[in-house]
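After this come two complexes, each holding chain A, first together with chain B and then together with chain C.
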Partner chain A sequence: MIARIASLVVKEFIHLRRDWWLPAFMLLGGALELLLIGWATSRPITNLPLMVYDQDQSAASRALIVSLENTGTFDLLRQAPNLDAIQAAMERGEINAALVIPPDFSAQILSQGGRPALPVMLNGAESVSARAALQAVEGVAGALNERIVVRRLGIDEEAFRGFTPGLRVWFNENLKESYYTTPAELGLMLEFTVLLFAALSFSRERELGTLEQLLVMPFSSLEIIIGKSIPVILIGFFDFLLMLGMVHFVFDVPVRGSLALLLVLALGYLMVELGKGLVISVVSRTQHQAFLLVMMIGMTDFMFTGYAAPVESMPRAIQLLANLVPAHHWLNILRGVMLKGAGLDVLWPSLLALAVLGVLIGGFSLAFVRRALN
Partner chain B sequence: MNEASISAQNLTRRFGDFTAVDGIDFEVHPGEIFGLLGPNGSGKTTTIRMTLGLLSPTAGSVRVLGIDSARRPEQIRPHVGYMSQRFSLYNDLTVLQNLRFYARAYGLANQELAMRTSQALEMSGLRGRESALTRELSGGWRQRLALSAAILHRPEVVFLDEPTAGVDPISRREFWDLLYQLVAENMTVFVTTHYMDEAEHCHRLAFIQRGRIRATGSPESIKQETLRGRVFEIAPDDPVRAVQLLRQAAGEGRMPLAEVELYGERVHVVSTDPRLGEGALRAELEAAGIGSGPIAAIPPSLEDVFIASMKS
Partner chain C sequence: MSLRRIRAVARKEIHHIFRDRSTLFLVLFTPTLLLLLMAYALTVDLQDIPIAVLDLDRSEASRRFAAQITAGNDLTLYAQVESPAEIEALLVRGEIKAALIIHPNFSADLLALRGIPLQIIIDGTEPESGGFAVQHVGRRAEAFVTESLAGQLQAAGVPPEALQAVDLRVRTWYNPSLKPRNDLIPGLLSMILGFPALSVALTLAHEREHGTMEQLMATPIGRWELLLGKMVPYILVGLINTIVIPLLAMAWFRIPFNGSFPLFFGLSAIFLFAILSMGIIIGVFMRTQAAALALSFLLIFFPGFFLTGIFFPIAAMPEIVRLESLFLPGTHYAIITRGIFLPGIGLDVLWPYAVMLFFLGLVFTGVAALFFRKKLA
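Presenting the complex of A and B:
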């Protein structure tokens, strides 16, 4: 039995070596994407091009512009001569934010009952940068308001003590975006790699016409499944190690919990996805079909993981459904071990959920694939 | 003769409304080359797949070496070899890698593995090209390699599904020489084909058409039993008109002809009445002003039988 399984494993690796672009694409493509996402999200949003139509041209208006630039969020592109220039620049995509300072801006600030106004235009089509711009503008406006209030009340500016929340961020002290994105991407890339390799295992032989030959040979269906699975497990696990190393050493994302636990759980998770991949593989007639199914299932899982949008803010029914997605629990575990340093005492609900799903999916897959092969 | 290597009883397979194999019976004896002859879509591949246990019959059963194919396919597998229409080898593996995969899959190891792969290289004539990629081999070589791989484990029965489709005549000839070698070593060969010349090489044939077996027996007996009457070959001046004329005569019932077919410049006619002689044919043609040329009674070819039975 072992010799027969070994013969299959050897054969699979020869296929992989000949068809080198697929493993290379999966291993390096995944790692490369991780690298790009890590870099792209490693810094806060800065240098958004800004346009200002300053109708006031006063010390107060210039001070406002400088404060905005000092946030680092904006980069003053140029002064606008009129409103039309702003509209045109926004439409051309040159700027994502624009400011209109009314002619009476400083006068309103200085007069005791004045009501200074500050129209701000944001490009809502780019919601991420619009949100960052909004935050920066609100911050600057808040500080300016504070000064106006202090002056109007005639309080000594030095003596005034405002209120600032005593923020302390746990698990990701500097609120680095990459701490959030890279472990999640790492988890998802592992899912895609395993699903795809597993999905191609039988669909490829079926497409080439060799599956029939394989079935006539004295392999039991279990031997075929094991022989086909071993290369997928090895590649998936190697890929995980590669990406974990990159996330840790390139992006300094810590592994605060037990590395051994993380690796064991990664292996467990990988087996669950393997089961799904093998089912896709036997229901697909061609490799293309298998590939499309993987994309469909992978993207659906992606939405349920809570990576793109928090599951807690989804409708109740979707929240329940999310619990059925192994990747959802896997990302919980991954973040828990890496960022929070959590152990089994904390992670057991996710682990239990993953184990139950694993047994169900694995059992179903095994039965389904064996039936399909017999 | 002892127990049959393969025996099918009322073997039937339906796909929805379509009956691919319609209650066929046949027996294959040890050490013979048994041919399942029929046009494309006649049910040959479906039969072979049921025999190997890849497809379960809708009704009836088939046994290989006394084992029911549908119930215990795994018990049959170690004792049979299979070479499918085109895809029994992995194109991205080398010659040697393919042979080794087969050898290990059938549980061969060490010296036995080395010896058998070496024999297979010898038999396929691919020694010296062990590291060639299979996809780079021409059709004939690939066919021989596939056969060598299929019999690497010395199976008792080997199944060949249209083994020489798309292979040139010389390679086909060489392929059949290999098959005779195997039979000399007491292997049983079950082969499907739609080539008449190939079918002539079989010890016994079953002639399948639209899922039913129309005739069984040696090529000789099939010719004699299926085709009652004599076959004449005529070389007339105007073969096309001669065919028209004779068909008309047959259609009007003036001549007892089952078949009038053009073979190149010659015309084959199959008479249903043994009393019909050359003279009657000559008279018929010359009455219409066609020079009949030489007319000879010839032994029927399988093709005559094949076409005659396709039309009936």
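Presenting the complex of A and C:
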């Protein structure tokens, strides 16, 4: 049996060598894409174009503008001559935020009970940038407020600890963006690679009419399935190693837990995705269909990796659905081992969920694919 | 170039799509399904973030404060803990995203104006929820300080608003409640409507893989006619979705649409031309569907999602990636869709992006046609 499976695996690799584009993409494409996307998106939000309409033109207003620039979030596009200029620039999408400093700004600061007004306009057509801008503006305004209050109330500056609560960030002390973007991006690339590769395995042979040939040969359906699976797992695992190395060495994301545990669990996760891919593969009559299904399923899974929105904030029904998504548990494990240094004692619920899903999907897939092949 | 021959190729392609009901269904409805998926799961408002509270003060004031923090549905009290070790365990297991520690002497420090005796701990692996918790706690704490000190300040003859000296008046234009859905859905239209580009790449590679390309080229059909004919059915599918998807977004998800619909329709047609041309290039270069598929994901799908400024602002990307994003039709189209949906701007502002899209389309189709001849020769 092993000899027969081996000959099937050899056959698969001969196919791959003949069409060398495909294995090249499968092996290196995901990793290169991760490099590009990780490089582009794992950085703080900076350089948001800002316009300031400074009606005060005082030392205080200039200091305020400097402290806004010092947050790094903004790039002062130019001073606005009037409100209409702000409106026009905002409409054209040239700026993400605008600040108006009223003529009495410094006078209000210096007076005993004055309230310096600070109108800020945000461009809601780009909500991600708008939220970053809001945070920066609130920080600068808060610091200014604190200085004024301390002076006015004669608070003892030595004992004063500030009006903002102390903050500590765990598992990512310096709040490096790559720590939370790249693991999810790795998960996405890995899932698409394995799912796509597995989904094409039978649909391709069926479309090209070579599946019948394979079936009349003296292989059992189990042998055919194993023979088809081995290259997928090999390439998927190699791809994972490559991307893990990249995330660690290029993006400086640590592996705080056990690397061996991570590798074993990665292999397990790949088997679950393989099972899904094989089911797609036998229900699809053409590669086009297989592709459309991979697309739908892959995108659905990506929604539950916590990349764009935390699962906790989703509607209740969708949260329950998230438990059925292997990638959701896999990302828990990946983040847990890499960033939190978690071991099995902590990760066992995710592992158990993944195992149950694996048995269900794998069992279904095996039965389904065997029936389809027979 | 003859219209009749383009039509013949288009009819053949439509026939292929219609022959298989499940492919037809998938091609027509995948964009709708993608919209539903992305709208429900990707663009949620942050809420119900689970946090733990460690109250070291155990005073009436600290209890009142803790209750105020978790009132409403922004933060959910997951556990009231007794020690920092418990916080650590909950954070490691991912059961909470943030924790609030109320220092001893909370009310005494507060009343003596020694600052806010609070510490927030957040999970840095998913800082979005943590950052949200920080913002929320900060705002509530400010209000709490003002409220607690009101009596004391009044007695000293200082108005209670003295603690809020700076009057920050934030106004968000075009999307007043800053709902992510309102700008992400229009932005994601480039992914949703541009989706047929991958199908185009596949069908060209399909002809190659099955050896029917030679047959086609033996007929009097020219290469431009073939490429345009292949594009037509998917442009039609795209145009249908250009009407259906925005209607769905407006009716079901209440996304505002403030611009001109004919303008949106027209510019979407140009976008479809550009993005489908990208698919054509891939289809022309690859000999098998599998390879075409993999390359489409790498060149169209993932960059379209990550590098077109929908989620991460282009202004913050490195120079080279910013340059690359100019060659992605989605970058220009996202500006167009967000502009038409939210501020409702017109062609006077949007024409450079439309020109750029058209230019990209021409370049891509030109390159494809050029290489197409070489490949077959």
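The rule is simple: the second predicted complex is superposed on the first by the 360 of 374 C-alpha atoms of A that agree within 3 Å, B and C clash if a C-alpha of one lies under 4 Å from a C-alpha of the other, contacts with A are read in each partner's own complex, and residues count from 1 in each chain.
By our rule, a contact is a pair of C-beta atoms (placed from the backbone, for glycine too) under 8 Å apart; a residue touches a chain by one contact, two chains touch by 3 or more.
Note that the coordinates shown come from a computational prediction; the quantities given were computed from them, not determined experimentally.
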Q: Once the two structures are overlaid on chain A, check if chain B and chain C clash or fit side by side.
A: fit
Q: Determine, under the contact definition given at the top, whether A:L352 touches first (chain B), second (chain C), both, or neither.
A: neither
Q: Compare chain B and chain C by how many residues of chain A each one touches, and report the one with more.
A: C
Q. Given the touch rule stated above, what does A:L175 touch, chain B (first), chain C (second), both, or neither?
A. second
(Q) Looking at A:L196 after the superposition, I want to know if it touches chain B, chain C, both of them or none. Which is it: first, second, both, neither? (A) second
Q.
Quick check for you: in the superposed arrangement, does A:L344 touch first (chain B), second (chain C), both or neither?
A. neither
(Q) With both complexes superposed on chain A, which partner does A:L259 reach: first (chain B), second (chain C), both or neither? (A) neither
Q: Figure out whether A:L320 sits in contact with chain B (first) or chain C (second), or with both, or with neither.
A: neither
Q: Scan A:L208 for contacts with chain B and chain C and give back first, second, both or neither.
A: both
Q: Applying the touch criterion given at the start, work out whether A:L267 contacts chain B, chain C, both or neither, answering first, second, both or neither.
A: neither
(Q) Just checking: does A:V128 make contact with chain B only, chain C only, both, or neither of them? Give me first, second, both or neither. (A) second
Q: Would you give the minimum C-alpha distance from chain B to chain C, in Å, for the three-chain superposition?
A: 9
**Q.** Where chain A meets both chain C and chain B, residue numbers
**A.** 19, 208
Q. For chain A, which residues are in contact with chain B within the complex?
A. 3-4, 6-8, 10-11, 14-15, 18-19, 208-210, 212-213, 215-220, 374
**Q.** Residues of chain A touching chain C in the complex
**A.** 19, 21-22, 25-26, 29, 32-33, 36-37, 39-41, 43-49, 75, 90-93, 96, 109, 113-132, 134-135, 137-138, 141-142, 144-145, 148-149, 152-153, 155, 159-173, 175, 179-180, 183, 185, 188-189, 192, 196, 200, 204, 208, 285-289, 291-293, 295-296, 299-300, 303-304, 306, 308-310, 312-315, 318, 332, 335-336, 339-340, 342, 346, 349
Q | chain C - residues contacting chain A, complex | A | 20, 22-23, 26-27, 30, 33-34, 37-38, 40-50, 88, 91-94, 97, 100, 113-131, 134-135, 137-138, 141-142, 145, 158-159, 161-176, 178-180, 182-184, 195, 198-199, 202-203, 206, 209-210, 286-291, 293-295, 297-298, 302-303, 306-307, 309, 311-313, 315-318, 321, 335, 338-339, 341-343, 345, 349
Q | chain B to chain A touching residues, read off their complex | A | 49, 52, 54, 73-74, 77-78, 80, 82, 84-93, 97, 100-102, 104-107, 109
